[in-house]
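Labels for the chains are A, B, C, D, E and F, by order of writing; each one numbers its residues from 1.
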Amino acid sequence: MILETLTSPIILFFALGLLAAFARSDLVIPEALAKGMSIYLMAAIGLKGGVSVAAAGFGPDLLIAALAGVLLSFAIPFLAYALLRSIGRLDGINAAAVAAHYGSVSLVTFVTADQLLTASGISAAGYMVAVLALMETPAIISGLLLARRGTKQSADSGASNMWHEVFLNGSVVLLTGSFLIGLIAGKDGFAPIAPMFEVGYKGVLCLFLLDMGLIAARRIMASKGLTFRLIALAIAMPIGNGLIALGLAAALGMAMPEMIVLAILAASASYIAVPAAMRLALPEADPGIYLSMSLGITFPFNVIFGISLFTFLARMIS
Amino acid sequence: MILETLTSPIILFFALGLLAAFARSDLVIPEALAKGMSIYLMAAIGLKGGVSVAAAGFGPDLLIAALAGVLLSFAIPFLAYALLRSIGRLDGINAAAVAAHYGSVSLVTFVTADQLLTASGISAAGYMVAVLALMETPAIISGLLLARRGTKQSADSGASNMWHEVFLNGSVVLLTGSFLIGLIAGKDGFAPIAPMFEVGYKGVLCLFLLDMGLIAARRIMASKGLTFRLIALAIAMPIGNGLIALGLAAALGMAMPEMIVLAILAASASYIAVPAAMRLALPEADPGIYLSMSLGITFPFNVIFGISLFTFLARMIS
Amino acid sequence: MILETLTSPIILFFALGLLAAFARSDLVIPEALAKGMSIYLMAAIGLKGGVSVAAAGFGPDLLIAALAGVLLSFAIPFLAYALLRSIGRLDGINAAAVAAHYGSVSLVTFVTADQLLTASGISAAGYMVAVLALMETPAIISGLLLARRGTKQSADSGASNMWHEVFLNGSVVLLTGSFLIGLIAGKDGFAPIAPMFEVGYKGVLCLFLLDMGLIAARRIMASKGLTFRLIALAIAMPIGNGLIALGLAAALGMAMPEMIVLAILAASASYIAVPAAMRLALPEADPGIYLSMSLGITFPFNVIFGISLFTFLARMIS
Amino acid sequence: MTALIIKKRIDLIVDLPLIPKIVAIGKAAGIEHHTVLSALSGIGTHGSWSDDRISGAMAKANFMTICSAEHAESFVAALEPLLSSYRMIITVTDVGVVRGSHF
Amino acid sequence: MTALIIKKRIDLIVDLPLIPKIVAIGKAAGIEHHTVLSALSGIGTHGSWSDDRISGAMAKANFMTICSAEHAESFVAALEPLLSSYRMIITVTDVGVVRGSHF
Amino acid sequence: MTALIIKKRIDLIVDLPLIPKIVAIGKAAGIEHHTVLSALSGIGTHGSWSDDRISGAMAKANFMTICSAEHAESFVAALEPLLSSYRMIITVTDVGVVRGSHF
């Protein structure tokens, strides 16, 4: 499995981005293009999920997976916070901000896993997209609770505006919205626009991962607040979170493909939805730290090793 | 017809944009992406029109439709100006600017109608794209004549530059240019580039309408100068203009599909070509008013109700 | 051959851009979109080349073509420098900068030639993409050597940063990187992402050439330092360089399709990779001069006449 | 010469996501109007940043407002405690304006 | 210390489509050179704006020119009557420049 | 009123590809921090430019730094000989800052 992943164009473009940035090339993907591609990917994955759920219908297993996902998203930050405070020796605010990132999920890790799993014959159910959308926000709430408790800070003047930002965050709205559109339009409604969202999908993912590689490497090079302990945690936490998710999924009797995806979601850390919310809710937290960990270390780790690791472990369990 | 429209992904993405913006989500489509999509749509619709006219050849009915379109584009502003001054109680300058918008046409309304009509088995002739391009500019001239007469304003220093802006406006040049390229290249010349302009067409339209929904809703929320009378006119005028066009088309013996499209063109109000020209030619006019009416009210009305209304009426007449 | 080229949509969109800009239309393609399209084209052409070399394998003819290309890229600037100083009456620094542009290559001229040649039944070997990538940089080194010798300038403080810029220039990295990815992934690895990079290819080229037409024409209109002598050289040098390449290719026994492509590469002048390097390495050189010559005159000349000219000559020789 | 009235121009370099908060603080200090100018990159005590961040959390902008000396004083006073946590810089300059009443 | 010569810097916040008109008015007042800086959003007496308008009619920019006091005076005088109809704001600041002759 | 300390603000309009060089020259003159503001178009003695260049060689930006009078002097002195070859303009303005030590 690992060999196939490592020679698939998606991962090779990611590696090209990493190498180009470490070699300090001036290759840059314009921000508007990167935003455009992430909007395209969110719409495509949302629609695909909605259409497949419209076909398969709402089964109990969707509810189980959704509950497991939301539970993980709420709980992981508390575990991560403890590790970050003790082993990571981070102050309260930064520990809470990083914990929120690791409780939440990364769309691109999900999309990349979806591609690599399908390539090796494992296709997870369409409703996992809904689980992805549901897992984005709870972790932010836990993170803010941890930060408040940590510092007895008076209710922030922008609180109302912050809750609003957390739930009406652009990516959550687009992902959930296109999921619902896929659900309403169904197979035949989706047919006329299917070519655009299927033909371009893998190719756009290649160019997007090229950009992710460039930004992840530049993030690592520019990271100032990163201690050796934090780098170790940025690798240990995904593995830990993934194992917890595997245990929970096995206990709930989830099917093998969905089990792998849930583990990868738990192991992934957000770097689009949560950083924007954190910057507004916890301005004191240093974006240098949480972005370097989630984007600079955890994302590359998950894409290159995480996906194969959890596929292997899930196969062993079932 | 209305049910099909309301569940087609194109309209659903428009509704998602409206809802997201009214819920004050921070979802934003980068401006460069929006400009890029509108350039793609104009090239695609222009090429498609040119290729179909190259195949069908120049018949008399193209001339009739073109004449009717240009006549409507010149005449409507005078009617609209009278209504805006009397019922709307608008000052001379603003009435002239808004009238110019309602005499002109909206590309996206045309493209959306083209999609929805084809989906329900009605396909209008390719030359209607030429009528679309021809109807963009006359209304601006009428609008400026109305404004001049209204205020006896001395010839504006930038007059020459303004005429130039009116005729060599980016969207008119791109639309007419790609129409001619489609005409010259013809079916076989177009074949190699057909996939790009056909495969992506409906998908790009979905993402573009998502952006239109976001901007239309934000336009309504930010509109300051909009009185109840103006909102009523922003709905009444499209209906009136559409009916006039239907009457004219019927009198000229146009076929049913072309009759519908002419009515939708007359009912549509511009918000790409005309605002840019007005901002330069009539800087005193308040963009808040003409954009809120054409983009905030008339565009959503036409997309959701207008298209079905004029299809229904045209079926009744013929 | 010329008639086909002149009626192919690619050239027609280029002509539309030229005409629109000369008519001072305000049609503008957003910069982020232009950068995005050039990134797409570089990835697509690199992947295509890599995949075809992976299939055909490394033959001796690839080495010959590569050597010929690098030799031309190193040598041409010295010849061009002499012409620019004598006939062109340019000062040392500007002559060296312009010479570097004419020794290097233009990706879009290569891509356009690739399309037009395939349309008329001539398909060059995939490895010519590698030759394209190899020919980008040597000319910059010759140009800098000429500039140093010309002015005995003390080693520039930014020298190290400049060499880095020359070799790790964004377009060289992306082109070579995607070539290697195509090589590693091979036919089957490329299959899943092939639709995106093939379906969109010609269509994106049309919109990109529309933008090139706009910028080339605006470049000519804004050019201040261009004398009649320089305009003549901007047409003579491509012809001369192309003939030299044809002679070299014939002497080395290259096949006819590869001969044509080598001539077009030698005749083409860079306006993406080299200007960025020159601006950093030779800030004293006036971008107005080298951009007007390479982008404003040589690029249109090559696209409209050069490609057909060298195809005709190559057919005559073999 | 049209008589120019002296007003204060306040410039902030601040993270884009924090602009709504700055506008709220401004309103409380009597600052009704402002303009946000776009910034591309920068280096400060907290390291370098540039706007090509996928998350946008690192993108910064130049918040600018023209206001009376009194409003300027209360605005700066309100912002001072947040300077280091919001990673902002503030500068105050004198400018001449034509329509005194407008600002 | 390189001697600095005092010149005037004029800043306008004006709609993008009106820039060609401003340039023309500037030429008439002896202003040959200028730079347009990009703006993202703002709030003024006429409400809020941001650059994500499909029509671009609402996008604004910061027109800036460095010029002599005399040119500044004639330019401001030419712009004053258009202030409210063009929905512009103008500020004038003193700046030090190195090459006095260049401006 | 929070006491404001007077510092110098230096503004350059310079080609984007040359920014790394300017940063290097700045470091040598003691300038550690700066911000790059984005520019759209302009007209100068060398003709007009706008940012829609495929090559990006023509795109310019507004390099801005707040620094002490001494650092300003050495920075301007270092830049002066490059003014015409780099096609730059420099302006120096006085600004008030809150945290004197920060600049």
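What we mean here is this: a residue touches a chain if its C-beta (ideal position, glycine included) is under 8 Å from a C-beta of that chain, and two chains touch if they have at least 3 such contacts.
Only a predicted model underlies this, so the values are computations on that prediction, with no experimental measurement involved.
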> Among the other chains, which touch subunit E and subunit F together?
Replying inline: D
>> Suppose chain centres are the mean of their C-alpha atoms. Which chain sits farthest from subunit B?
In response: F
> So which chain is farthest from subunit A, going by the mean of the CA atoms in each chain?
Replying inline: E
>> Counting only Cα atoms for the centres, state how far subunit A is from subunit C in Å.
In response: 40
>> Report the inter-centroid distance (CA atoms only) between subunit B and subunit F in whole Å.
In response: 45
>> Two-or-more-chain contact residues of subunit E, please, as numbers and ranges.
In response: 37-38, 93
>> Going by the contact rule already set, what residues in subunit C reach two or more other chains?
In response: 28-33, 36, 199-200, 276
>> How do the chains pair up in terms of touching? List each pair.
In response: A-B, A-C, A-D, B-C, B-E, C-F, D-E, D-F, E-F
>> Applying the document's contact rule, which stretches of subunit D touch subunit F when the two form their complex?
In response: 11, 13, 37-45, 60, 62, 73, 76-77, 80, 83, 89-93
> Which of the residues in subunit D come into contact with subunit E in the complex?
Replying inline: 1-2, 4, 7, 9, 19, 23, 32-38, 61, 66, 93-99, 102-103
>> Give the list of subunit A residues in touch with subunit D in this complex.
In response: 28-31, 34, 38, 157-158, 161, 211-212, 214-215, 222, 224, 271-272, 275-276, 278-280, 283-284, 286-288, 291, 295
> Which of the residues in subunit A come into contact with subunit C in the complex?
Replying inline: 7-10, 12-13, 16, 19-20, 23-33, 36, 115, 119, 199-204, 206-207, 210
> Which residues of subunit D touch subunit A in the complex?
Replying inline: 15, 17-18, 20-21, 24-25, 46-48, 51-58, 82, 85-86
